[in-house]
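The two complexes that follow have chain A in common; it is paired with chain B in the first and with chain C in the second.
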Partner chain A sequence: MNLIHLIRNRDWRWAVLPLTLLTVWYVVTTLGWVNTKLIVPPEKVYQAAVKAISRDGFMEGVEASLMRDMSGFVIGSFAGIVFGVLLGLSRWTERIVGPTFNTLKHISLFAWLPLISTWLGTGDSAKIVFISLTTFYPVAINTFDGVRSVPRTQLEVARVYAFTRWQSITRLIVPAASPQILTGLHLGLIYAWMATIGAEFLLVTADTGLGDAVIKGRAAFNVELIVFGMLIIGLVGALLNFIATRIESHLLAWRGDRT
Partner chain B sequence: MAHAATLEIKNLNKQYKVRGESLPVLENISLSIKPGEFVSIVGSSGCGKSTLLKLIIGLEDDYQGELLLDGSRIVGTSLERGIVFQEHRLFPWLTVEQNISIGLLNNTKFSEEEKRKSVQEHIELVGLKDFAGAYPYQLSGGMSQRVAIARALVNRPEVLLLDEPFGALDAFTRAFLQQELQRIWEKEGITMIQVTHDVEEAVYLGDRVVVMQPRPGRIKRIIDVPLPRERNRSSAEFIAIKEEVLREFSHTADASAGLIEKAASNEEYSHSNELSYQA
Partner chain C sequence: MNDATRPVVHGLVNSGILQRLFLTLGGFSIRVSHAAVGLILPLGVLGLWQFAVIHEWIAVQLLPPPELVWQSLQDLWESGDLTHHLSVSLSRIGWSVLIGSSIGWLLGFSVALSKTARAYLYPSFEVFSQFPVVGWIPLLIIFLGIDEGLKIAAISIAVVVPVTVATYKGISNIPRNLLEVAQVYRFTRSQVLLRVVLPAALPSLFSGFRQGIMQAWLALVFVELLASSEGVGYLMGYARLLMQLDLVFVGVIVIGVIGVTLDLSLSFLESRLQSWLHTVHGEAK
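After this line comes the complex of A and B, so read on.
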């Protein structure tokens, strides 16, 4: 209703640090205290941004990156939830699969890249497999923990009301584990975005993408384009995080106000 | 209408394994419960009352002796047997209404319409009409327990086990729900077994009061309550029976300590039971 009121009542403290940094950046570059070839002034980044956005291909690159990110995220989370639930449900599968899984998870994800690119090349499918794998781990581990910590007392309730196996999973185990599953998905979402950019840096192809744009900037020694690319990467990440937080707190409203 | 069942407990023994050692929890329990009977069980904390109910409901099958329902051995749980646990055990992600509906999830006797109606009736019965859409975190302990009672009743089981269902309630609500429980019991003819630490409640509701003693859990004495209903809590006969039950208690070593200990132990219990799940 009242705009001034709205602005005043908002907490703007988060803006202090970015504004300070921006000011410092502006001051040191205009006063020429630094090599402006390496540390480009903000207005140059702004110009690069305008040019990049109006030019064909940049926004497509962002879109392509996001598509990869989402495909990998969806595949990885689905697999992670299914795997985590199955592993958590049965001591038998845990005995067989658990130790191997625990060893594999210590392999740095980037160590998978050479293998993946040997098998699948450097195209989209290789990137998506890598992103899926990155998402898979946190989702699977957290889902497993969540399923394991379902209280025995609640499982007894399910038995008293003659839940079928499927009812126990869908009406008790998954909802009871949902806080941990959502934590896993949230982590997976952030990791997936990092993996997307990482994959684009390391599996260079003719495909478009944000990472690709930044690489091109480096090739052309176009620092302002690199900085702009970084800003976009950071902003997209922050946006994904924000959306995830919102969905999480909405889905977990039943826990009350204990954020 | 539920057809009430005969429950026969013969020489029941139960041990728990604690650190490799076998700890006797129930010893030689024999009790025959007629169809439609109301049996109250009292006894100090830790004498195995909850364990006994757990065996009857079919959540535990590692025991010696016999547990027969209408002559056949109890194997696993069944919708014909309902229970109100000592802790409410609601699902925190479901509203009051949804939690009560869980009781009817696998009920095949009612139509969808009847189920809906039954859930509404039971929400009203336990006085939570204004809280139908509330989540458990928004409820007090007593309100949660009332939801649990509704969840168990909604299914109209043949046998209903109640583990201190009114422990967390104020005196007024408790008296009201005792009467409602009695009304449902009379109307439906359900066989009911109620564990309570309130001797007056045990005498008020029970056809018989089973007094248990601890270490290991045994039946100390069974006291008949041959009073007509609606019972008058201040009548001389009522008070005499109450005194008799209390006398049994004072003979049991550390019984009074157990009774006092009871008061605040409900929450603790639920936490200690949160073992990790293994199928």
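After this line comes the complex of A and C, so read on.
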């Protein structure tokens, strides 16, 4: 009784669109209205998924991609926070480095990839450097904004209490800027995943990786593998986003309900 | 100073023209000195680059001399190759922004204005927006080949997401009392849309559009590097295959210049829009 109530009371209208698409997909492929080499039937994607998961290689690829993603993210966000705090605290650093940074950030990220791959090859180091760079920009920009918006009065209070520079950074500036820093980290996480997949598409190697698997599937015209790979790419992206949102609200809980 | 000029000088000082002149001059020199300070780093890097090349620290294949990069840029420009690739890339951007933002506005407006549309479409859209654009490209290649259709489709997808989100958020953040006033005045639905919703949501519509263009620029370079025979991204990928790093640098510079130009002109337009909205609101009061 309770269960029926629960199902009835929820808004299920969101399901209409995906279910319609799935049905259309299923119907047109089983009735053979479309070229099933191009538009593969859903059950083939399912078979490809089962095969890919059971066979070794694919899951290792996902793992390798996640490792790259995380290494790049950690390096890039660390550098971004340090850079953003420095730039936000010291007028001189801002005057000297700011204009260059603001110009360089307009270079579309993937344009760096040919340079990076010439210098570092197509292996993990090039990919991780690229992912770090991608993470660095949003983290640095948001950290800078956050540090800049710390109220002057709070800084003065810190001076009155004779905080050392290190104390005022760790006790005042970073906590006060934490909402923006977290926004930057969240953006960085989304960008890092895009960069991971993009770098694996563009720098084809013998390495394993989710992007490599998909791009090899394209070369072999293995459409079911491409569709499955895409789903995994989206799923991982959504999962990372979900975790980031959770951590963000958890970490910002100390601020209470002020908005 | 004789007696005849004294009143004139007094007048000048009192009217504040001189103060203003000094202030502008002061502001100007501060700005010049700031620009000069900002140039220290790039000039230093350029100097180090030149120094490294002269002393052959790094192989020329890995780091071409700055003058070679400059020379290649001029050659490409004079031969018309650069303009050709640029116009190809820019027209891709133009079409995709047109298509992507039309879809985005349509979608954003419908989910913001109609509860039914929101209930049916928005959850699916949210899932869709989680997929990184680059992930779509292999699938699009299967359906569309590697022709122009692929680029337009991929870049349009990149535009749709920010435009839709900004439109939806912008409209749902319109203060309730504005809509209530419209109700009191018995505005028709189209009046509410044109006189209340559109002006109030205009800033966020524009900022979504701006983000969309920036995303398009990002997606363009990616898709041109991956599968293209024309365009700035193609130029770079090709040059890298031939190990012509000077051309790769030219590509980076060109992409940077376009990026800065796009951003500056968009932020100029945005500030014009803001001030225009202010004057309109001011007159209304």
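Keep in mind that, in the parts below, the second predicted complex is superposed on the first by the 234 of 259 C-alpha atoms of A that agree within 3 Å, B and C clash if a C-alpha of one lies under 4 Å from a C-alpha of the other, contacts with A are read in each partner's own complex, and residues count from 1 in each chain.
The criterion applied here is as follows: a residue touches a chain if its C-beta (ideal position, glycine included) is under 8 Å from a C-beta of that chain, and two chains touch if they have at least 3 such contacts.
Just so you know, these numbers come straight off a predicted model, no measurement behind them.
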Overlay on chain A: chain C relative to chain B, clash or fit: fit
Which of chain B and chain C A:F110 touches, first, second, both or neither: second
Chain B versus chain C as contact partner of A:G123, first or second or both or neither: neither
C-alpha centroid angle, chain C to chain B via chain A, nearest 10°: 80
Partner chain(s) touched by A:V157 [first = chain B, second = chain C, both, neither]: first
Touching partner for A:G57 - first (chain B), second (chain C), both, neither: neither
Which of chain B and chain C A:A176 touches, first, second, both or neither: first
Chain B versus chain C as contact partner of A:V227, first or second or both or neither: second
Dominant contact partner of chain A by residue count, chain C or chain B: C
Nearest-approach distance, in Å, of chain C Cα atoms to those of chain B in the combined model: 8
Contacting residues of chain C [partner chain A, same complex]: 34-35, 37-42, 62, 116, 119-124, 127, 130-139, 141-143, 217-218, 220-222, 225-226, 233, 236-237, 239-240, 243, 245, 248-249, 251-252, 255-256, 259-260, 262-263
Of chain A, residues touching chain C in the complex: 11, 13-14, 16-18, 38, 95-100, 103-104, 106-115, 117-119, 190, 193-194, 197-198, 201-202, 214-215, 217-218, 221, 223, 226-227, 229-230, 233-234, 237-238, 241
Chain B to chain A touching residues, read off their complex: 57-59, 76-79, 81-83, 85, 87, 89, 91-94, 102-103, 105-106, 135-138, 155, 270, 273-279
Chain A to chain B touching residues, read off their complex: 88-91, 147-157, 159-164, 167, 171-173, 175-176, 178, 253-256
